[in-house]
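Here it is, the structure in full.
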Amino acid sequence: MADWDHTPDVRREERLGFDEAVFCAHKRTEQLQRIMDHARDTGRGLLLTRLGADQLAALPEAYRHRIDYDPLSRTGVCDHHQPPMSAPRIALVSAGSSDTAVAAEAVRTLRYYGEACHQIHDVGVAGIWRLLERVEEVRPMPVVIAVAGMDAALPSVLAGLVPGIVIAVPVSTGYGVAAQGHAALNAALSSCAPGLVVVNIDNGYGAACAALRAVRAFGSPVGPTAEDSEGS
Amino acid sequence: MADWDHTPDVRREERLGFDEAVFCAHKRTEQLQRIMDHARDTGRGLLLTRLGADQLAALPEAYRHRIDYDPLSRTGVCDHHQPPMSAPRIALVSAGSSDTAVAAEAVRTLRYYGEACHQIHDVGVAGIWRLLERVEEVRPMPVVIAVAGMDAALPSVLAGLVPGIVIAVPVSTGYGVAAQGHAALNAALSSCAPGLVVVNIDNGYGAACAALRAVRAFGSPVGPTAEDSEGS
Amino acid sequence: MADWDHTPDVRREERLGFDEAVFCAHKRTEQLQRIMDHARDTGRGLLLTRLGADQLAALPEAYRHRIDYDPLSRTGVCDHHQPPMSAPRIALVSAGSSDTAVAAEAVRTLRYYGEACHQIHDVGVAGIWRLLERVEEVRPMPVVIAVAGMDAALPSVLAGLVPGIVIAVPVSTGYGVAAQGHAALNAALSSCAPGLVVVNIDNGYGAACAALRAVRAFGSPVGPTAEDSEGS
Amino acid sequence: MADWDHTPDVRREERLGFDEAVFCAHKRTEQLQRIMDHARDTGRGLLLTRLGADQLAALPEAYRHRIDYDPLSRTGVCDHHQPPMSAPRIALVSAGSSDTAVAAEAVRTLRYYGEACHQIHDVGVAGIWRLLERVEEVRPMPVVIAVAGMDAALPSVLAGLVPGIVIAVPVSTGYGVAAQGHAALNAALSSCAPGLVVVNIDNGYGAACAALRAVRAFGSPVGPTAEDSEGS
Amino acid sequence: MADWDHTPDVRREERLGFDEAVFCAHKRTEQLQRIMDHARDTGRGLLLTRLGADQLAALPEAYRHRIDYDPLSRTGVCDHHQPPMSAPRIALVSAGSSDTAVAAEAVRTLRYYGEACHQIHDVGVAGIWRLLERVEEVRPMPVVIAVAGMDAALPSVLAGLVPGIVIAVPVSTGYGVAAQGHAALNAALSSCAPGLVVVNIDNGYGAACAALRAVRAFGSPVGPTAEDSEGS
Amino acid sequence: MADWDHTPDVRREERLGFDEAVFCAHKRTEQLQRIMDHARDTGRGLLLTRLGADQLAALPEAYRHRIDYDPLSRTGVCDHHQPPMSAPRIALVSAGSSDTAVAAEAVRTLRYYGEACHQIHDVGVAGIWRLLERVEEVRPMPVVIAVAGMDAALPSVLAGLVPGIVIAVPVSTGYGVAAQGHAALNAALSSCAPGLVVVNIDNGYGAACAALRAVRAFGSPVGPTAEDSEGS
Amino acid sequence: MADWDHTPDVRREERLGFDEAVFCAHKRTEQLQRIMDHARDTGRGLLLTRLGADQLAALPEAYRHRIDYDPLSRTGVCDHHQPPMSAPRIALVSAGSSDTAVAAEAVRTLRYYGEACHQIHDVGVAGIWRLLERVEEVRPMPVVIAVAGMDAALPSVLAGLVPGIVIAVPVSTGYGVAAQGHAALNAALSSCAPGLVVVNIDNGYGAACAALRAVRAFGSPVGPTAEDSEGS
Amino acid sequence: MADWDHTPDVRREERLGFDEAVFCAHKRTEQLQRIMDHARDTGRGLLLTRLGADQLAALPEAYRHRIDYDPLSRTGVCDHHQPPMSAPRIALVSAGSSDTAVAAEAVRTLRYYGEACHQIHDVGVAGIWRLLERVEEVRPMPVVIAVAGMDAALPSVLAGLVPGIVIAVPVSTGYGVAAQGHAALNAALSSCAPGLVVVNIDNGYGAACAALRAVRAFGSPVGPTAEDSEGS
C-alpha cells in the first residue's frame, strides 16, 4: 500500500543546513529499497543510521553495492560524495572501549558532512591521568563531544576543564543500575559543570548534528589551532 | 567549624571563561554570608541562583542591600557591574506562562555576562500559528534556548525549523504524568529533530551557560545581526 | 484440559456494537485452533490481532487458509465478509515510517467493521510543513487517530489545529529514553492541547475501537463527506 | 517586564470550537490580573481551572467579584454568561467520594459550554451492585466520563457494559503504590475493555474537552434522549 | 566444585507443613541432577517449578522419566505419590486465556499437596456478566485465588463480592504500560476492596502456598459446600 | 450539591461479613458530617481510618464527641459498641518503633470487629535474636501480620519460621531508596519464603481485613459478635 | 500502650562492636523520652540521628539538657563520654557545600566512637584541580568516605586514585533528574572504578559505621574495649 | 581503525594495588585479541570478566588456549601465575543456588590476587537455621561478601550478626518485582543493619575488589586464622 511509503523531508537541508538521515532500525527491506530508489530519483545521497548487518545483507546486491557500510557504527553512506574535510574544530572524547560504536556513529556523521574531528579514546575517569595528559588537545576546540556509559563522569570532568560547548552522549553499556544508559544520562544531566548539554542515550548521530549546528551557525573555519585533522 | 566553608572554584573563569555561580537552594544564612564575604574580599561579583525570597529576607540588611534580586527568577546579582550588552545572538523561546520563571533565570544569567537575548514567549504548539508567525525572528540566531514544560513539543518543532543550536530546557510544570518535568525531558531527548540538545529540568542557568560557551567559543562578530561581541 | 479453553464474550456485540477480537500474542497453536473452531461452530467471523507470522505458519493448513493475514499489522481476518465501506469519517495521521505497523493495525480493525479511514503518513513535526500542508484534509473529520512514537509531538499539534476527537496512539519505536513508547505516552497525556485522549502504547486496535464507539454512538450520516454509515 | 505577559490563543475558538481555559496553578496574582484585564478588554469570558482559594483571596476585590468560584473543583467562571443547557448526552460516573473534586472540574467545564451531564457517584467496583443497578442510565449516552482513583477498575467495567465513548480520568487519591494516580492511569490504559480512552491524572478539564469535541464534531440532535443541542 | 551444591531446607516441612519446591529457572543441568539425586537419596519427592521444556529435554533420560511434566505450567513432579484429594475449599478464578499458564502453576502446586481447587476461567471484567453468573460458586470457598493480567480488575471485583480470603496473582501479559505485570500488581495492591492480598507477578506457586497455609492453619476439612471437586 | 454525597455500600456486611470503613484522608468536614449523619440515621457504627487530628478538631463538638479517637493510628470509632474480644488467633509482629502507627491501625481495626491480637514489637532482623526468642509465641497462630519498613526482611524470616498465613505490611519509613516503602514492598513480594502475601504500603487496615477474612472463613462462630476463638 | 515501646538491641555492642543508634525521624516526644529513660536506667549513652531541631525543642528541659546537639548534622549525643580520639585513619572527602549536612552526620558518628577523620571539603570534579591538589592527603588512609550529590563523579574519581576502601555516600541535593539523590546513587553503583562501595542516599551514619567496621576488624585491639588506634 | 583500540590503565596497579580487569561483555573478537596481544607484549597477565562461552569459542585457538576459563563465573585468567593463597580472611556467604554464578565471579577474582575465601552457600533466610548454624564460621572474618537475590534479606541479617565489613552483592535472579535485582539492591541499601555496604547488581568482581582494598589497606597478618598476607 503506497500509503506506508517514506515521505522525505526534502526541504530540511534548506531549513537546517543538512538533510534527513534515515534511521533504519525496524525498517523492512522493501522500505529501505523504496527510500534508496527515491533518493536516486531525486539525485540525493543518503546517510543511513542504525543499519544492521542483517538488514544490509537482506538487500539485493544492486542496492547493497551502493552503500559504504561500517559495521562498528552500523552506518551506511549511499551515493554520496564525501566532501573535502575541514581542519578539525570538533573534539570527540570517549571513556571506554564499550563506547566506540556510539563514538563511531558520531564520527561517521560528521565525516558525511565534511567535518573532521579530533578523537581521543579510552580516557575514562577511573584512571584520570589519561584524560589530564591530553586535555590540552581538547581545550582549543569550540565543540567537544563526550561519549561515556556507566557513571558518565567524563563529560562532567571535561566540562569543568575546557571552555567549548560540551555535548554529552550517554552510552547504554553496563549492567544492573547502569544498564540501558539511564544512570549515565541522569549523571550527565545533573552534572554540576555549568553548561553541559546532553543528547539521548547512544545518540551519536544527534551529537554530531548538534556539533554541525554549532560550527555552521557560527560561520566559516574557526578554532584557534585547527590546522590538521585525521580521517575516520 | 571552618571545614564546612565554601571553597570557591576561583580558577573557573580562566578555564571556562565564566566564573562560578552560587546555587543557593538549601544554603543556610551563615553559608551565604561567608560566600558573600569571601567574594568581597577577593573583589569578585557573584551570580546567585535559586535564592528564595525567604533566604534573602533572612540576610542582614548590609548583605541584602548588596544584592540586586529578581523574585521571578529567584536570582540575585551581588557586587557586579553588569557589562554593556551585545546585540542579541541568542534567542529564547518559551511555550507558556508557566515557563517564565525558568526562562527568566536564563535571561538573567545571560545578562550577567553581557549577552542580550531575543525573547518570544507563550508560543506553545497547542496554537502553533503563534510560533509560525514569529519563526523568522528566530531563524538568524546561532543559538536558541527553548523552554517548555508538559509535553515539550516546542523544542522539537523549533529544531525542525531553524538551523542554529537549539537547547531545550524542560520545565517542571503540569501535574500527573507531566509533573516534575520528566515527560518534558524525555520528549526533548527523544525528539526526532536532529541535533536538539537538552539540559536538566528547570535548568535555565545551565542553558544560559551552554549558550555562553557557544557564543564565546566561536569568537567575535558572528550571527547575521550581531553587532558586537566579546572574547572569552 | 478443557478448563483452559477460551470463553468468548458472545454478548459483547449486543452490548458494545462490535464483537471481541482475539489478542493472539503468547497464545499457543492449540488455543488458536480451538478459538477458530468455536467461531466456525457459532457462525462468527474473527479479527485476530498480534498474530505473529510464526504463529500463523504453525497452524495447520486448513486453519491457515481461513485467515486473510497482513504481516505489517500482524492482523488476521478469519471467516469474515468485510462489510461495504462507508465514506471516511475517521482520519489517521502518522508521524514516521516506524509508526506504520501500529497505524496498519488501526486501519485493518476499522476496515473489519466497514469504516474507511483517510490516511496521511510521515508528517512528523520535525518537518512541520508536511503536516500544515495537509491539515485541511483532517479538519472536517469528526474523529482523528494520531499515531506517533519518540516525542509524540504530532498529536499535540494536531489537537490544536482540528476540532474533532483526537485519539493519540503512542508508538514504542526509538531507543534510550524513547524506547518502549513511554516518552511518547507521557508527552501525549501531558499535552496542553485540550481534550486529547490517549490509548496504550502501540494499541492501534484500541484506537480503532474508540473511533468506532464515536461514529456509532452518534448514529447516522455525520461528517462533511460521509456518504453512508451504519448504526450501532 | 512585558515579555512575561500572557499571549492568549485568541483563534482557538474558531479552530477548535471552544476557547482557551486558564490553568491557574502557580500563576502569580499579577499574571491573573493581566489575563483578566485582557479578557475584559477583548470582551471574552474566561474559564479558570486549578485556581486555589488562596489565589482567589489574593486578588483585589474588583477582580474577585467577577469570578463565580467553586471551591470543590477549584474552578472560576469570569465574566461569562452560561449558555442554556442541553439535555444531557454526556454521563459522568465516579467511583468514590475522593473523586468528586476531579469530577466537579469536568462538570463545571461542561456547564461553561452549555453541556449538561448526567451524574452518578460513588459506584466503585468494590460494591459492584451499585454500578449494575444504574448502568441502564448510562447506556444511552454517547459519551461517558469515568472518574476513578486507586485501581481504577470502574472505567474497565463500564467500557465493557456500554457502547458509547468512555473517557477514563485517573485520580491521584490513595497512598502507597496508588498515590499520585499512576496505578489508576496504568490500569485504565491497559484495560482489556476495547476502545477505552484516557486523559492525564486528575484532568477533569481535559475529559470534558474531549467530550465537547465528540458532541460537537457529530453535530446536532444525537443520542437517544438528547432533546436539544448546539453546533460547534 | 561441591561448594556450589544445593543445600535443601530439609526441615521446612516440619516448620511450615510443606517442603521446599525447586525453582528451576536458570539452573543448569548438573544442578538439577544433583538436586534430584539428593532427593532420591533422602527419599523425598520434589515439586519442580519454572522448569523449561528445554531444561527437561537436556536431562538424561533416567532423570527425565522420573518427572511428570506439564508444559503449560512448566511444573514437574518428581518421585511423588500425589495424595488423595480433598473436597475443594479453594477456588481459582482467572480473567483471560493469557492467564492460564500462571493459573496452572497454582493448580499443580495445590494438587501436589492434595488440595483440589474449583476452577473458573476467562471471566475478566470486560464482560462482567461472565463473572456474575458464576459468583455463587465462589462465595462458599474460604480461599479464592484470582489470576489476572493487564488492569487486574478481577481481584478487586471478586473481593467485593465474596467473604473468603482473596489472593491476587498479577500476570505479566499485555504490552505497553501493562507489560511485565506491574500495572496489574499495582492495581491489585491499591484495590479499594478490603482485605485483598497479593503475591508477586506470575507467582502461581506462591498463591498456592498461601492457600495451603490458610487451609492447613485452620485445620481439617472445612468449607460449607465442599462435596466434590475436579482433577487437574 | 447532593450529587457529591457519600453512598455507603450498605450491603457490604452481608456480602463480606464486615461493613465499610471510612477512609478519611482528603475528606472535607462537611463530607465527614454527612457520613456520620447517615450512619446515625441508619443505626450503624463507623470505623474511621486516616482521620487526621486536624480533621477531628475541625468537626463540631457534637460530632467530635461521638468519636473514640486514637492519634497514633489516626483511627476513630464512632457510635460503635466494641464487641467482647475473642482469644487471640492473630499475631501482629513489627520490626521497629517507626512501624507502630501502621501496626496500631491494624490492631484498632481488629479490635473493632472483636478480634484480639497477640502483639510483638521491635523485633527487626538487624538483631535477629529478638525475633528468635519469641517465635514460639507466633507459631500457633493461624494468621500473622508482619509490619516492617526499610528492607522488610522480617516478613520473609517469619514466613520461613511459622506455618500460618503471613500477611506482610510494608511501611513507608526510611529515606533514600527506602522512602515511601517501595523497597519494603518489593522485598516482601519477592521473598523466597513460600506463600507470603502482601498488602499495600502502610495498609494496616487492609491487613486486618485480610486477617478477618481468614478467621471468619474458617473459624466457627464468626461475625460481629465472636465470643471465643480457637487454636490452630 | 506499653506495646509500642522501644526494645533496644542491647546485645548489639557485643555482637558488632558498637551499639544501636536511635533514628529519631518521625519519633514522637514520648517515644524519645522513653528511649532516653531506658538508656539512663541501663547506664548507656546514646547517639541520636535525624533529630530535628523541633523535636529537640519539644523535649522537656531535663531531657534536652542531656543532649549535645549539632543542628547541621541533626545528631545528638546523650549521656556519653566521648572517648579520646585516635590519629585519623579515615578520610572524609565531600564534593560541595550542599553535602555538608550528610558529611557532618558521618563525622559526628565517628567522633562518638573515638575515631578522628581527616576532612577535605568542596572538591567536586567540576573543578578537578581542587581534588588533585589534595589527593596525597587521602592516599595513605585505609578508609575513605566520599560524599557527593548530583552526578556523584567524585567517588569514582577518588576510587581510581587511592588504594583504600572508598565508601560513597550519595546525597539528595539537586533538582530535576538529580533530586532525591538517585542519579548520584546510580552513578556511584555503576562506577567503573573497581571496588567502590555504596550506602543509601544521605546515609552518613551508615558510611561511618562501615568505616568503623573496617578499622575495628583489622586494627589491633578493637571491639568494645578499643583503647587505642593506629596510624596509616 | 587504531583509534578504537584499548588503552589499558597501566598505572592502575601502582595506584590501587591491583591492575585493571577486562570487562568482556559486548567486546568483539578483534578487540579481545588486541587486548591479549598488548598484555603479552607488556608481560602482564589478565583477568577477563563477563566473557561469554561464545566469545571464547570465537577466539582463534592460540588465544583460547592462553585462557583458563570458568563457565559458571564467565571469567578467564590469561597468562597469569596464580599467587600462593593466604589463609582466608574473607568470607563469602550466598543465599541460594541461583546466586552461584555471581559468587563464583567474586571467588575467581579473589583467587587471581591470592586471596582465599571461606565459602558458605545456600543459606538464605527462608530457612534461617541454615545461617545460624554457621554464623560462628563467619564471625572472625574481617571481610564478608554476602550474595543474595530476590529480597536480599541475607546481608541484613548477617550484618546484624557479625562485626566485620559486610559487602552486599544483589543478584538479578527472580521475576516480577524482583527481576533484574532492583528489589535486592534497594533492600540492601535500606537495610537497618548499620554499616552494610553495597555494590552494583551482579557485581561479584566489584565486591572482590572492595574486599581486596580492605585486606590490603590494613596490611599484614590480620584475622584470627590468617597465616600470611601481602601488603599494599
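In order of appearance the chains are A, B, C, D, E, F, G and H, and numbering begins at 1 in each one.
Operating definition for what follows: contacts are C-beta pairs under 8 Å (C-beta built on N, C-alpha and C of every residue); 3 or more make two chains touch, one makes a residue touch a chain.
No experiment lies behind these values; they were computed from the predicted model shown.
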Shared touch partners for chain B + chain H come out as A, G
Common contacts of chain G and chain H, by label, are A, F
Between the Cα centroids of chain C and chain D the separation in whole angstrom comes to 26
So, in whole Å, the Cα centroid of chain F is separated from that of chain H by 44
Multi-chain touching residues of chain B, meaning two or more other chains, are 12, 15, 20, 126-127, 160-161, 176-178, 182, 185, 189-190, 194, 200
Every chain pair meeting the touch definition is listed as A-B, A-C, A-G, A-H, B-C, B-D, B-G, C-D, C-E, D-E, D-F, E-F, E-H, F-G, F-H, G-H
Interface with chain F, chain D side, in the complex: residues 72, 97-98, 100, 103-104, 119, 121-123, 126-127, 129-130, 173, 175-179
Within the complex, chain D is touched by chain E residues 95-96, 124-128, 132, 150-153, 156-157, 159-161, 174, 176-178, 182-194
Interface with chain A, chain B side, in the complex: residues 12, 15-18, 20-21, 142-143, 160-167, 185, 189-190, 194-200, 205-206, 208-214, 216-219, 222-223, 232
Given the complex, residues on chain D that touch chain B span 3-7, 9, 11-12, 15, 20, 23, 25-27, 31, 50, 170, 172, 180-182, 185, 200-203
